Structures are given as structure tokens and as C-alpha cells.
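Labels A, B, C, D and E are assigned to the chains in the order they are written; within every chain, residues are numbered from 1.
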Amino acid sequence: MSDLLLLLVTGLGLGALYFLAASGLSLIYGLMGVLNFAHGVFMTAGAYAGWLTMSDLPQSLPIGARLAVAVVVAVLVGAVIGLVVEVVLIRPLYHHHIQQVLVTVGLSLAGVAAAQGIWGADPRPVETPAWMSGTTVILGARLPNDRFVYIAVALMLLAGLLALLRYTRLGLVIRAGVENRTMVEALGIDVQRTFTIVFAIGGAAAGLAGVLYSQYAGAVSPGQGGSLLIYAFIVVVIGGMGSLTGTAVAAVVVGLVQQLANYYAASGVGDLSVVLLLALVLLLRPSSLKGASA
Amino acid sequence: MISATGVGWKVGGAQILHDVSLTVGTGELLGIIGPNGAGKSSLVNILSGVTRPSSGRITVQDRDVTRSSATARARMGLARSFQTSALFDGLTAGENVRLAVQAAGPAPFSPFRAAGPASGRRVDDLLARVRMPGRGATLARDLSHGDRRKLELAMALASSPSTLLLDEPMAGVSAEDVDGLTEIIGEVRDSGVAVAMVEHHMHVVLGLADRVAVLHHGELLAVGAPAEVTSDERVQQAYLGEAL
Amino acid sequence: MNDTPPAAAILSVADLHVRYGGSHVLQGVTFDVPATGVTALLGRNGVGKTTTLKAIIGLAPRTGRITLRGNEIQSQRTSRIVRGGIGYVPEDREVFGGLTVDENLRLVDPDRGVDAPVVAKLFPDLVGRGDQQAGTLSGGQQQMVSLARVLLRRNDLLLIDEPTKGLAPKLVTEVADVLAEVARTTPLLLVEQNLPLVRRIADQVVVIDAGRVVHHGDAAALVADPALTRELLGVSMRRKGAA
Amino acid sequence: GSPGQPGAPAGDGTAAASGGASGGPFKVGLVYSKSGPLATYGTQYRQGLTVGIDYATKGTGAVGGRAITITEADDAGDPAKAVASATDLIGQGNTIIAGSTSSGVALQVAPLAEDNKVLFISGPAAADAVTGANRYTFRSGRQTYQDVATAGSMLGDVKGKKVTVLAQDSAFGKANVAAVTAVLGAKGATVDSVEVPAAATDLTPFATKVKTAAPDLLFVAWAGANATAMWTTLGQQGVFETTKVVTGLDIKPTHALFGEVGTKINFLSHFFEGAADNAAYQALDKGLKAEGGAVDLFTNDGFVAGQMIVHALEAGGDVDSMVSALEGWSFEGPKGQLTIRPEDHALLQPMFTASLEKEGSNVVPQLVDTLSAEAVAPPVTPFK
Amino acid sequence: MTSQASHLTEAPEDAEPATRHTAEPEVARGRRRRPWKVVLPLVVLGVLAYLPYVAAELPGILPGRVNGPGSMQLLATCLVVAGIALSYDVLFGRTGLLSFGHALFVASGSYLLTISLSTWSLPLPAAVALALIASTVLSLVVGAVALRVGGIAFAMVTLAFAQAASIIVMRNPGGVTGGEEGKVLDRDAVPALLVGVANAPYRYWLALGFVVLAWVVVTLLIGSRAGRAMAAVRENESRAAVLGLGTYRVKLLAIVVASVLGALGGIVHALVLGGSNPHLTTSEFTLSLLVMVVLGGAGSRWGALLGGFLYAYADARLVEVSGAAWLEPLPEVVRQVLSQPLFILGVLFIVVVYFAPSGLTGLGGRLIRKAGSS
């Protein structure tokens, strides 16, 4: 019983991390049709930004405060990187979706290598507030505290993004621009700026995911973002290509399935559980995968 | 010849077509008219196998094809054009037509047969026939609207079909060419092809159609001789209005 | 309507060229659009009518001089040009199918949706459909949305590309009425294949052939001259009333 | 006329100059990770090698008056690149190839040594299969078996004890499970394993499994970026309260990655700063400091490789005499006395156990025990 | 969605580029035979086949003599990769299928060969046959399932399959795959001519032979009716369906042909490099195939080959940069970053995509056309 509770809570925590990683990806894919392979690098950048901030701030500050500043910095760095990447690399290739995707592939290669060159290939330890790595005992289960933080942040992010799309003018322009960019422009709206903002938001979400994941992992390393990216992709696909709510549901399902399979099933099954899940969705509901045509 | 019996189609909770039954015989041209959104294109999609009906039966040459794919129906001599042109945008106009010609040939997709230039002549003939000679080397995506419509028609004709479904072949075609294309479609019909044509240009429909079917809110409102149908008050009210 | 005295030009296009890759689509198009009434842009398929409209609002790569009320706009971005007072209704309606009718309208003006007076006046059919997905509308209704959304903003000039294409005869008549109504307050540059409609609402005509202007003048005069229409457009207006 | 032999040099020169009998310099090729994920290991190895050659040639950098020239190639951790580079180096007449930071590279390059009759001295690669690969292949570092045997020593008498291996579900992990079963199982322990799929992100299920199993000894075989998360999770689930936990000590930068639980872990170690003290160690320490480096795990492997290269070359450049010279050779390396076992070229060497102690904000390893080479010697795996 | 790749495709090669945009009346009647279309490949082939007899040195470009073992091995690797890229282009450039799982088939060729030679002790011809047949069956199964969806979802599903294979290889079931350490080729089971440094030229010819075979197969395919049908599917799938082209079968055929060629590439790769390594199973490998094809120009045989060749060459040679002397005067951080080969490769890739969106061959074509028209 306590084992199950532990697995469920950590599974949800895992799902929350996956959603954090996937939300920016899903947003950018869903709205701009760009499958951003550099998303992992965006996350890595957020993680390193957070790490540098934490170690550069005076050690006399309480660690909680330093972490808070680090999160803000990571989000800003993510947003700025997203912005720059959009303006410099994505925008000029505007009618060429595949090329946009390819540019992000190049960026993901170069970004990881650059981080490796600057900070080395080895993981660097990250300070974590004692409370985050502590546990709370509920019904005999030792529940790691940080998981609650991830779940709360993920929920807030989901609500925030949905509200943005549904209730703001920016959201309206974004949704229209997804369908027909030229026509939005022809209605007198500066659509370029809007898409830059989308990319910046996606980058900010990646930065947030990166810094939180580095807290979870207790370290930063160049390949960190990339390792999370593959799950983010799968979650986005299972969630129905670009639907935020779908992404959130898929993240939770993937997190739980993975966690439960790893405990209850044979090692091989746990390993393949996510792939099996994808195959299952494919066989049972192929139409849910077709998604928005981009 | 092609016929639909009791065809209904439901999508996303809405009943788009209700119990539509009609037949187009050999050498006959059936005009399909009706207000925008009545379900004309949906019907063409169902007849050609692009969508599956929720109920009812489709037969081509008296064979039940309700469950066969668009590909299979095409092999049986059914060809169609699309309302919003669906061309191979990255290929030239000539190549679009050549593909259509070859698709109709024997063993359409054999990895062992060279594509060959054999049909080059026929491609040029077809392009000339739809009033766009010399456009063969232009990429389809670079064609103007009207030219795309004409290319659509050329591709539908390419296979020398026995049944032809046309969805608004004249939309956007310049006034000058409308007459020419009308003539072509008439010739095709006269050569023994069963033609169903959705069209809003009333003078084309009236000039060509042997019979006219009127769809309204997914139901067949009337089927009959052109003059008969156009004088039907409900048709005038729902569709024709007061002409320009 | 053809006896309106020619007004000062609101838009002038001078020596407009458009090249796509190797093809030279517009080869020095020059014409003026008067500040009132309907100017029809005519021509056979593929001569460059759509391209002319696109070039004016900056959706096609262009060179030449385009002035709106004396201000040069040929180097401005599309969104600037549109905010500067030119409304554009594209060839394929291009409504946002995933958005509701209301959202389609609010995109242009956040404060005015289907409840805007202009919608009620010109397109009463849309009023009750605010929450319907625009993609599920019939072709004619989509055409109304496409027109309505440019009318929400005050325009100095409207560019409208084949608004009646694919519409049922009854709707063609209705749209023609709407256009005539709009033209009372805003000059229109209208691309149209439907000559009866041109005859009914156009004041001026510009005929393009092979990327050049081959005729420019009074609409009634052109339509009344079968030889000329046959020469320019390949048809004469013999079928009265057929549309 | 007809073309000559494919691959022949211009004119009709016969075989490429082999560093053999003639009087030119001795040519040694290095294939190791200068970039890529194992670049840090590679750097340590390279630094150690320089110092080792210097030490073994008494600062002359030459053997019998003939200089040793070293040509480097970067494999970036990719066996395909390593094979291409090794082919190139062999083709250029290098009679000794050294390097191989990763096991994948070592195992793919070893056959080239046999195919082409050159000496291959593998570096930090730990795979047991390098030992006994062929007569031309040697190693300058330790192998997995020796790590595991060291861990086993920490339990004292393992008879009837329960041992669990927490390992990644990969060749590296599986090799560790197999080695633990072989070493400790043979001594009477019951060994089972918890294998963690490569695809796992959250390790709580595995920590829970370990907790439930409550073994006497937990052997952790882990390589990779999520080490900290793994240790934190083990700590959170209270594994340390009931079980003795052993793992291998990696390079310095990783010492902080054990996080809060670092001081509770028992470490087996191949080599670390302060593990030993002898002439070779001092030379290594001095040499590295002069270069701005510091003693760490794989500087030893480089140093020993340097010693082996020089010793081999002292026998002349001929491959067979180099092999004979190395077989059975016993010498003093930075870790202590090392012996190359003739039967399979295993490098018999002492091993260490250690603990991490906090020193200010740093953690530093402290020597707990030194195990003799015989106590951890792997079984003989004769050449095929 | 189906035309994912269409806009990077330089249109079919045999559509005369010069007349494509103009509208002169006399066009594309049959196809004028361009003699150089036949001669050029033969000349290139002749030069390549002769390289093992060229003893000249090309300092900075090749390690040592052109026909030295190092250069021969490097060129052989580049050729194999080029051939594999060509096989991938059948999917991506020709049929518009964005597959992220092509690595699976290359790996299956490579691993099945090494495993059947050493674990099952089959003779070489039997091992090759087994690897090819098994890969064909695998491609049929994977293709049949993955084709249930299209577009990016197809990409993701193929990625998932490849990922599963990668996981299995890494887990080293029964010790047959060697896990992350890879599987060494059993030297005794292959002809002596293919083993050893001195025999690098023979491995080079083997690789060249593979490229020629792949070229011929792809040429026959695209010239066939099936090849036309593939182009049609790429451009507009639903349209192809109503024309009576069985789009599912066309796509499946493309997958099978590409996979068999890919598997053959895997086999040759294993023979050239002396073993299989798990890098072949990773999604990064498929991704790099995509990079190659785009680099060279999708939908063009020269493009895919050139892209694959250059990518492999850059991948192998850029590590030389890390030690290069000209880096010395640069600031520390810049030097560290520049000494990462992957950084340079990534940046190079961006630059190519950016300045030559239709690939190097497309760029070449554009320059030629420009020169011709001015």
C-alpha cells in the first residue's frame, strides 16, 4: 500500500517533469509547426543558468532565496534564447518548415557541444534546499518533497498557458496565425512579433523545466536536456500533437505507466513500457495521432 | 454508371447527408446543384471512395463498391476532380497529367516497368484540350487559380474513365474558357461516360445536364429534367433566388 | 452608376513588376483606382489579376511605385499597408476554420464581433452564428465572414478577389448587393469573372493580359461593346441574366 | 603500364616503413577521447602518459637513442572513428597503438592489433573481455573483475550473506552483475540484482525494491548523469539505514555528486590522489603538477601505459619481441607493484577501498585499505 | 502533411530546370537525352575506382597518401555512409516519408551479419542472405504498422520502433549484441582480402560497389512507374489515391526498398569497420541521415550521396580541429567551444540549411542557372 502510494506520487512527479519539458515543445509545435529539436538545449541552458546563478549569488543568502532567483534567471534566459533563435534562425526560413526543424537539429548538436566545451562533459553538482531533498511520511510512504513542487508548478504552467491561449488577444492571434499566417498579416496584424513571442514563451517554459530538472537530478550536465527531450517528444505525440491538455494527460499517463511498470513488471517491460504505450495508442486510436496538420 | 442507394453520412454528431439515392447512367450527365453547404462535395467524396458513408450502398457498373477504396474504384474506371484543387504541387503540370495517364494504364505501380515517355503525346493533347497548351512545364504550385481548375479536369479525363465525377469544374475559370470546357464535358458524356457534375454556373448546368439533382440540407429536394427542376418553386427559393 | 464623374485617384499603381523565380508575371502594370465606386480588374485565367492585388498589399515580391493617397507604400510590410487603410479579401476566403465566427471578427477589432452594427446590417445571417466554428460554415457564409472582417475596420480602399466564385446563384446576387452597398462608402478594386455582376456594380474597368494593362476605362462602355469584350476577354455579354 | 598493387606507395617501395629495425624514431599512435562524453578521462590519460614516458625514459623521451614520436587521434568515444583512426595510424607505420578510453573502442580496436600484428595497449576501458582478447593486446588499467573483488572484500566473510547489485541494464551493468555473482557467489553469498532500464528517469521504484530486499551488501554499478538522483533516492528511501552500500570511486569532479549520502558510502577504488606512495607515484604527482594537472583516477592508466610502451620498445621495435618483453613483466607503477600475467595479459595490481570525508565544502577520499594484487586477481581467460 | 519533404525537393531531376518556370509552347515532349547524364556518373565512378592506385598526398584533406590505409579506410567509410544516405532519400526525398527509424534497418543489417557470423557460425554468404531477408521482413512489419499514421506521427512511431531496437541492443540479450560495447566482426569468417590494414583498398572497393549498386537500384526505381507513384504520394497523397495509385503499397514499397538498401549498407559498414556498434541503432544516427540528405539536397541522387559523403568526412576529420594550431591564440572559452567537433558540425549544418535550403546540389544548380541566365 505504502509502496503503491509512493509510486503514484513519484509517478505524478515524473509526469509533471515530463509536462514541464513537453509544454514548450507542444506549444511551439502546435502553433508554429516547428518540431523544436533544440528544446533540449533550451532546457540545458536554463539548467546551467540556474546553476551559475546559485553559485554566483552570495552564499550568505538562504538557499531557498537563491533557488528562487535562479528559477527566474533560468526562465529569462530560456525566453531570451527562444527569442534570439526565432529572430535569427527560424524567421528567415519562414515558409520552410522542414528547414526550420533542421536548423533546430543543428542547434541541438552545436548547443550541447558548446556546453561541453565550456563547462566540461561531466555533471556538475547543484545545490538543493534540504527541504526539497527531504521526505514527508504519509501512510508509511516516504514521499520526496520536491515532487509536490514539480506537480504544483506544472499545474500552474498548464493553467497559465491555457488561459493565455483562450482569453487573451495574443492567444487569439496565435491561434489564427497557426492556421494561416499570411491571412493574419493581411488583416493588418504583425504576425512575426507574435510568433517571436510564442518562441520566447516556449523557451521560457524550457528554461523552467531545465532548472527544475537540474534540481531533481542534483546536477547539471550538457546532455541533460536531451535525455528528457525524447520523453517530451513521446508525450507530445501521445497527447495528440500540439494540444496542451492532451500533452498534460499524456505526461501523467506516461509518468505513471513508467513508474508502475518499473516496479511491478519485469525489467525488460519497464524499459519498453513507454514505447509499448505509444504502439498501443497507435493501434487502438491511430486517428488521435494524426493531429493538427502542420 | 454509378449509383447511390440510401446514402447517409454523419460526422462529428451532425447528419450531413440523409438517405440520398441517385443513379447516373452511361452516356448521361447528371447536374448536382444546391446551396453552399448542402452536401454536394460530401456526396462526391462518398461516391469516389474518399470518405465512407455511414449508411447506404454505392455501386459502380452494378458492382457493390461501398467498402472498396478510392484506389480500387479508380481502377474500375472512376475518375474525379476536386473542388479545391488537389494537385501534385511540386510536379509540373505535364507531370501531373502524365501521372494520371499512367495510373490508368496497366499495372499502374509496377517497380519493374519504366515510366517511359510513351504518354508524352497524350499529355500534350490533354493540356491542349483543357485550353492550357504550353503550360506543361510550369510547376503546379505556380499555376493561377483558373489554370489549376483546368488541370484538375485534364487529370480527371486522363484515365479515359467510364464514370466521371466533377466538383465545380468551372469555378474560377475565365468566362472565355467556360464555353470550351463545357463543350469538352459534353463530348465526354456523348462518348458514353457517366458524368456527375456539381456546378454553380447555371447556364453550364442547364446547357449540359440531362437531369438535375438538387441537394438541400443533405436531402434530395428534386431530381428531374433541367427545366422542370429550375421551375420548382422550392429550388428557386433555396437556390436560384433572383438572378443577376 | 456609370455616370459617376471620375474622381481623384486613391491608389495609383505605376510600372509594377512581379517576378517569381524565372517567370515575369507582371510586366509594368500601371493604373489608377478612383476614390469612389467600383473598379473591376478583369482578364483571362493566369494573366496576373490576383498577383496584382497581392503585390499591392505586399504579399508578392514587387518593384515599381504604389501610392495610396499620395503616400508610397511599395516598400512597406503587409501589416503596415493594411493598417494604413487597405482591406484585402483573398481569392479563397481564407477564414480561420478553427476559430469561431466571433473570433474571426475580433481578430481585426478586439472590441467588435458579430454584434457589430455593420454585421447586423450587411450579414444578418451571421449574427446568430457567433459561436460556430468558421470551418463548418458553408462556402457562402465563409465568404460573408471574409468580407465582414475587413469591413469592421475603416478602410480607404478594399481589394476583393473573386468574391462570388463557387457561390450558389442566390448568394451571388446577395453578395453583389452587399458589394454595391459597401461601395457607397468605400472604393473597391474588384477582381471578377462574372461579367453580369461586373456590369451591375462596376464603374471603371482595368483589363490585364499577359502581365500588362491592355484596357482602362468606363465599365459600361466596355460591356456595351461586344467586339471589345470579345477581343479583351474572349466573350461577349450575350447571355443576359445567366449567372 | 598496368597499375601496381592497390594501396602501394608511389614508385615501387615495398611495405611501409615500420618503426622496426631501421634507425628512425619509434612511432606510437594514440586513439583516445579528446572530445565527447569521455573527454575528461581522455585528458587524464594523456597527461599521465606523457609523465609516464618521461619517467620511464629518465627524461630523455628516447629509447636506445631513438626518439618516441606520438601521433594522436580523437575517437570522440565512437568505435567507428576509433577503427578508422587506428587503421590510419597502423597504416602510417605506428607499431604500438595505445589509448581506448571506452570499452567499446577497446573491443573494436583489439582485433585490428591481431590482424595487423601491432601492439595494442588498452587504456581506462574496464571491460573484462579486453583481457585475453589476443596475444597483441595488453591493458594498462584495471578490469571490472578487480573492482568487484575489491567490493567483496568489504563484507569480510560473505558466506550466507545476501548481496544485491543495483546496476544499469546495459553491458556495463550486466558485466558487473556477472562479476559479482562470480566473485561473491563463489564465496557463498546469495547474489541477486536490481537492473535499472536505460529509459528510467525516476529511480524510486528501484530504491523501493532494494529497500524491500534488505540485503547485507548493496553493490551499485552506475555510470552516467543521473547518479545524484539515484543516490538521493536511495537516501530518501532509507536504504543506508539497513544496508552496507558499496560503489566504485570515479574521477574527482564526480565526488560531490554523491550528495548528502556520500559519506555513508563505502568505495572501492582503482586509484585516487593519496592512495599510494612510491617513486612512481611521486614522479606522477610531480610531473602532473608541472603540467598544471593533478593526480586522479586515470592518470595512473596513462602513466602505466607510458611505462609499458617504453619497456616494450627497449626490446626493439619488433612486435613479437615487444610482446615477449611485456609478458610476465613485473614493475612498480603509481599504484604499487604490477604484473602482466603471460597467459592472458591481465594486469595484476593492488586495489583500494576508501571513504569520502567532508573537508570544508569539499569532499575528499580517504584510504581505508589496500588489497594485494593476488587477493583481487581475475581468473585466467586464455587466448582463443 | 504528406508533402513534408516536397518543398525541399528540387523537383524530379529530369524535369529540365531551365524551362520549368517559363511557358514556351514546346516543352517536355518525351525527354531529351542529355549525354552527360550518363557520362558524368561513369566518369566519377572511374575516378573513384582508380583511387587505390593514386599514391599522391593531399595534405590537410586526407591522412597520408590517397591510397594509404588511413585514407582508404576513411573514404570507404564515407562511401558506405553516402550509400546509406541514398537509401534514406528513397523515403524522405522521393516519397516524402519523414522516418526517424531508418537506423533500425541499417543496424539490423549490421548486427545480423556480425551475430550470424560469430554466434551462429554461418558462412558469409548465408549470413548476408539471412541479414537481408530478416531486414526485409522487419521492414514489412514496421512499415505496415507505422503507415497507419502519417506526417510527424509517422516520424514518431518509426522513432519509437528504432528506440525499442536500440534498447534491446543495449541490453545485450544473451550476450549476442555486446551492448554499448558493440559486436566485433569474426575475422576468420570473412575473406582475408577484407581484413587487415594493408587490405584497406579492397574494403574501399567493396564500399564503392555498394554505392554503385544503390545508385543503380534507386535509378531504376525512380524511373519506374512505382517511382512516379512515389513522387505523386509525396506531392499529394489523397490525389494519388483517387488516381488509382495504391498509396499504401507505394509507401510500403518505398520503405522496403529503402530498408533493404539500408540493411545492405549496414552489412558493408560492418565489413568495412570490422564490427557493429550501437551508435547505428540510435535516433541520432537517423537524424544525421536526415541532416546528410538535406545537406546534399533531398530528392536528388547526387545530393544524398554528396551529403552523406561530406557528413561522414566532416564527422571524421573535424576531430582534427580540436588540436589545430590556429586555435591557440583565441580566448580560452572560444577555443574550448571550437575544439568540439560537434559544435562545428552543428554550426556548419545550420549555415548550409540557411544559405542553401535546397541543399548543396540545389545551390550548385542555382549558381549554374544564374551563370547561364546572365
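Methods note: a residue touches a chain if its C-beta (ideal position, glycine included) is under 8 Å from a C-beta of that chain, and two chains touch if they have at least 3 such contacts.
Just so we're clear, the structure is a prediction, and the values are computed from it rather than from any experiment.
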item	value
Reaching chain D from chain A through chains that touch each other, fewest steps	1
Joint neighbours of chain E and chain C, given as chain labels	A, B
Chain pair with the higher count of C-beta pairs in contact (D-E, A-C)	D-E
Centroid-based (C-alpha) most distant chain relative to chain C	D
Length of the line joining the C-alpha centres of chain B and chain D, rounded to whole Å	73
Mean-CA-position distance for chain E and chain D (Å)	35
Inter-centroid spacing, chain C versus chain B (mean Cα positions, whole Å)	29
Averaged-CA centre spacing for the pair chain E and chain B, given as whole angstrom	42
Touching two or more other chains - residues of chain E	7, 20-23, 167, 171, 339-342
Sequence positions of chain A contacting 2 or more other chains	116, 268, 271-272
Shared-contact residues (touching 2 or more other chains) in chain C	20-21, 23
Chain A-touching residues of chain D, taken from the complex the two chains share	35-40, 169, 195-202, 204-206, 208-209, 212, 225-229, 231-233, 235-238, 251, 253-254, 256-257, 259-260
In the complex, chain B residues that touch chain E	48-50, 69-71, 74-75, 79-80, 82, 86-92, 94-95, 98-100, 102-105, 107-115, 117, 120-121, 123-124, 133-140, 142, 155, 159
Of chain E, residues touching chain D in the complex	50, 52-53, 55-56, 63-65, 67-74, 77, 167, 170-172, 178-182, 184-185, 187, 195-202, 205, 273-275, 277-279, 315-316, 319-320, 322-323, 339-342
Touching residues (chain side chain E, partner chain B) in the complex	3, 6-7, 9, 11-12, 15-16, 19-31, 220-221, 223-229, 231-232, 234-236, 238-247, 249-250, 253, 257
Interfacial residue positions of chain E with respect to chain A in the complex	1, 4-5, 7-8, 98, 145, 148-153, 156-157, 159-161, 163-164, 167, 171, 283, 287, 290-291, 294, 333, 336-343, 345-350, 353-354, 357
